[in-house]
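Below, subunit A partners subunit B and then partners subunit C, in two separate complexes.
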Partner chain A sequence: MSVSHVPTSDAASPRLVANRVLVTLLCAGLLAAWLLPFATMSPNRLASGQTVGLGEALSAWQLSAFLALWAVLAIAALRRPLPRGLAHGVVLLASLGLLLITLYSLGDYAQRTLVERSPSARVSQGSAFWVMVFCCALAAIDAFQRASSGWLLRLGYMLIAGGSVAMLFASGHFDELSIMREYTNIRDKFADQFITHLVLVGSALGPALLIGIPLGLLAHRHVRLQGTLFSVLNFFQTIPSIALFALLIAPLSALGNAFPLLGEWGVKGIGAVPAIIALVMYALLPVVRNTYAGLKGVPPATVEAARGMGMTARQVLWRVEIPLALPVMLSGLRIVTVQAIGLTVVAALIGAGGLGAFIFQGLGQYAIDLVLLGAIPTIVLAVIADFTLQMLVVLSKPASTRR
Partner chain B sequence: MSVSALSRAPSSRRVLLIALSTLLIALVLGMEQLAPLFRALFPDQDPAMYQRESFLNLTLAHLALVLVSSLISVSVGVAAGLFVTRPAGREFEPLVSTLAAIGQTFPPAAVLAIVVPVAGFGFVPTLVALVLYGLLPVVQNTVAGLGTVPAQTLEAARGNGMSAWQILWRIELPLAMRVIIAGVRVSVIINIGTATIGSTVGAKTLGTPIIAGLVGNNLPYVIQGAVLVGLLAIVTDLAFERLEQRFSFGASGAAS
Partner chain C sequence: MIELQGLTKRYGDTRVVDDISLTVEQGEFCVLIGPSGCGKSTTLKMINRLIAHSEGKILVGGDDITTLPPERLRRRIGYAIQSIGLFPHWRVADNIATVPRLLKWPSSRIAARVDELLALFQLDADGLHDKYPHQLSGGQAQRVGVARALAADPDVLLMDEPFGAVDPLTRDTLQAELARVHRQTGKTIVFVTHDMDEALRLASRVALLNAGQLVQYDRPAELLVAPANDFVRDFIGRADLGLKLLSRRRVEEYCRPAQRTRNNAIASAPITWQVDADDRPMALLGGRLGESDIARTVVNPEWIATPEMSMKEALSRMVWFRVTALPVLDNEGRLLGEVTMSGVMGHRS
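Then we have the complex of A and B:
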């Protein structure tokens, strides 16, 4: 149902533009570059900043490279002269180039400012910067969809793009940016909280799978259970995260007080234990639902045939049903992982730690850089987890049905 | 997202909905009456009842935030979904669908935090975050719902001489309505939760007593806020479940 190619049937009315999506993105990017601040500069950490436009922030060669790549993209959006297939490739390369130029220019501007102004000056990214990054990413995604490229090419492109950005970071190019200086201040704490975040997600996923997959099997085998089971799990999923975290505090602190031994194991009102319990409760519905849906999707004839070959019930389950249900079960894992990464942010409110700690600490002190240091890695983590598990889903399908 | 097709007999769900909404209203209006209970349970807490603001006011503020944001999300989201399924906007459909899918992997709390530098503290950033996030399920389900309308049905309608507008209003939207409402349901439920977190950026919601309790180490505050907002979400979800059932015509295009 997705329209992967530009319709060519209306050749009777030849249009100048072949890719209106790209034209829209280019206009949005240019408008943002023109009207919105590319960066903000403040004399020190606390003073309010002044905005800096694109023309002011970029050096001559950067600005010309920026405009040249923009023009290349504009030409690629036209019906002529580039053939469609080539145009998609050009868009992919040029949008990556534009992304890297945008990132490089911001870091470069920060370095120049510190030398020319004062070492205590702070340079932050402005809204035009974000819009431009966003437009580059969308242009690349759109080009992939138009070229209906396979997953291998997408993976390769993602690795190259991610690798180049990571190299810019690793080379210390961004070290003078305000957000990176904030990062340098909290480097050790950041690593700790990042690991805490991952550990929380991991320790919620384990029990969720251990409980959820058998429950999904049970729902598949006993039809009468389904209604109640899914209603209860849907209830958990409906309760707002912060309320569920909070409601677990009272019973757990009572439990910890009543049995000091449990308290020593960390069962108390606040901290990691209520967070993990709440995350497991949220994770159950997608795991159970997708296990059930996956098993239900196995053709009855296949199961019959396996039985006819003399397989035992256990063999049918492990060698036929679960392998065939695996793609759907893995998409459940994908939903749950992404969801848990996001919900762990909120767990910081009940003292469980994780990247959310920076977000709420930053909000409390109105330290925007700190807020972003919590929020951006969480988003990147969620997107990477989503992409990786999506790849796993594709790979778990029989080779003939992959796309 | 819909599990409604599997749930128990509709009559028992209706009783549940009525019972829980009665409980919610009773608690919103009469939480103060439970003060002796909270004092008995938490003898060490001095104010065992959140009194800086009435629970009615907090609930109304919460509802206003969710209602305003959902109205904007639904109108913009359905319009966007319609645009990308018409001939004029079909070119944008793959990108918009991908955007809606990727956007939903962004944690709501992170989106809320990122809006603060742009929009400041209080009601406005929470509203912006809620609108942005609430858009995505609506767009996704509008596109999915319109996609479930069988091509033969559209052919037949065209053959009967219906105009594009008539087909949209009389055939496509009614047939897609159940899936669209399922998207609105997801959007509203997420927004009720995100609005609760909105109290950390200064919006007045039912999350305010929760945060006040967590910061001030006052468990009764936490429980009072959490019970109300949990009930509010469950009652809303049950109400949407009934609304969805009203629009099911046997054909159930499930949108995940």
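Then we have the complex of A and C:
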């Protein structure tokens, strides 16, 4: 007896496309490449320039590599011929390739063009560039979701992708690009503000954890406290960040004036201290809420068993409750860290410094490259923090349940 | 070993445990049973002070439990609950080592003890040692739970419906295993359940509770033949009282000498066993329902009895194979005697 191995669901289904998200992204990328400028060229830093399309900016081999990778992705989106598992792998590799080609081409174009122009001329990335980078990132994220891949593979992919982009930067490939020239001008200040940004985030997270975790424990132990505690913290969260920074100016400068010693420590209306206080206030709710939720999620039977075995209250907390609540607590930390990295940008408005300083300075000067020099590192920082803490959440679960 | 004296637990004005006094002797397997809300679990948890009692006294090994810090007391008393009580973030070995670690045993002694317990519960195969609780089957998880309770070799073991969440087949195996472990270790066990069959199977004494009060505290057989009142009779289940009684009896109590013959000549007695040279039964002569007395039925491995088998099971086999007698065999398969349908009626204590 012969058995047909044609999968019936495939044979019966008229659908040609298996991955509609990818098809949408590919269409968007192609449309952008065709209709939008890939780069712009301007005579100097502030003047607006003329636009350059993809066909004009890319060399012949770059364009063919671009189209070839695009075609590979298009095939991977189809139901056939690639089996699903393989298709996800192909999408991951091809989208990384496409991202690198896009980045490389832009730098290459800047190098080729500026050799023959005046030193003040500038080449910047156009909107098609951004759309294509965005589409590549989304295609990779989507492929990871579909493959429901393990954490080790995700970590490896992120390291390879991040590493290759970093290497392109380090090799000076982008040095002729407008934004990198801007960076060269402010290199020292950039390093300072970058560190300030990290210090602000760090000094907000420390107190937030030190205050928030005990408050979460308290809320778990004393049911009656919960209502008041959470409504106060929720109230903080509803104040817009700029308003909160502004609100803190008056009381803190009064405090700084009344007690000169505090003033010497930096307690005044503007600067780092009010910024940190505001960041802590925002960070408290997620920390407290996730600590509370994590502890509440520990099965009562497990706690009862721990007590029944003869653990003291402290042993129950440290050996059973906290380890079991840790994944949820760490996802709270993840929310708070990403949130603080973003909010610290606003803190530049009250003179706390950080990457936000470039953004506001750039906005004032109408220098878009300066704005990007503040914005892009902030985004990269947030993505790295998010990814790292996500990995920690996974690692904090028992080995066999990790995904 | 354990003495409850006028034990009472009040929540506001309701007395969930009301003036219970009973003594559990050393090595006894005491089952607390009753309808839900009767106070059996509360009573159990008062013994290791997970719940504080309102009135009365509890003595464990002669000491009033309130004279010890609760943690010290609990480390002396094994405690097992349903499998969800295992620590999900610890491996099987770590779970079992919980109390020895709290008692700060040296690690070599802990490792030896863990291996010993894994062997006792037949958990030593398959690398279970390093598995996490969610990787275990229901039955394995329960065994780990009981092993954990026994880890520090406590004299007393408290068990709160430990087999409540497993399927009937697994529960059967676990009960047999617990009975074996109880025989081997001689621990004093207090066991809470709402399942009468479980209670009758395991208990050496049953405490039947209702609405916080102790209704009857007796040996299982006494509970069956001399129920204190209608509540007890109803709770045991009137309909199959007789079968329940038989489930408590073992075949050896009913076993009587068998008539043997070496050839298949028609025997003088109504039931005669044809045996081979090694005294192994080969066939039953007569004794088949609905047939003439001269019927010869070849003994098959299914319709035999062993001395340890419950009479309920022996009776069930007689009914199923339509015979009025089963051969009782020893470990080597030799004929020890027989149990018969009419013999079932004969014995009553």
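Definition applied: the second predicted complex is superposed on the first by the 392 of 403 C-alpha atoms of A that agree within 3 Å, B and C clash if a C-alpha of one lies under 4 Å from a C-alpha of the other, contacts with A are read in each partner's own complex, and residues count from 1 in each chain.
In this section, contacts are C-beta pairs under 8 Å (C-beta built on N, C-alpha and C of every residue); 3 or more make two chains touch, one makes a residue touch a chain.
Computed from a prediction, not measured in an experiment: that's the story for all the values here.
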Which superposed partner A:308 touches (first subunit B, second subunit C, both, neither): second
Which of subunit B and subunit C A:363 touches, first, second, both or neither: first
Partner chain(s) touched by A:375 [first = subunit B, second = subunit C, both, neither]: first
Which superposed partner A:246 touches (first subunit B, second subunit C, both, neither): first
Comparing the two partners subunit B and subunit C, which touches a greater set of residues in subunit A: B
Subunit B versus subunit C as contact partner of A:145, first or second or both or neither: first
Which of subunit B and subunit C A:323 touches, first, second, both or neither: second
Subunit B versus subunit C as contact partner of A:299, first or second or both or neither: second
Overlap of the subunit B and subunit C footprints on subunit A, listed as residue numbers: none
Subunit C partner contacts - residues on subunit A that touch it in the complex: 299, 301-302, 304-312, 315, 320, 323-324, 398-401
Complex contact set, residues of subunit A against subunit B: 1-4, 6, 19-21, 24, 127, 138, 141-142, 145-146, 226-228, 230-231, 234-235, 238-244, 246-247, 249-250, 253, 269, 289, 338, 341-343, 345-346, 349-350, 356, 359-360, 362-363, 366, 368, 371-372, 374-376, 378-379, 382-383, 385-386
Contact footprint of subunit A on subunit C as seen in their complex: 48, 50, 70-75, 79, 81-82, 84-89, 98-99, 102, 131-132, 134-135, 148, 158
Residues on subunit B engaged by subunit A in the complex (per definition of touch): 3, 6-8, 90-95, 97-99, 102, 105-110, 113-114, 116-118, 121, 147, 189, 192-193, 196-197, 200-201, 207, 210-211, 213-214, 219, 222-223, 225-227, 229-230, 233-234, 237
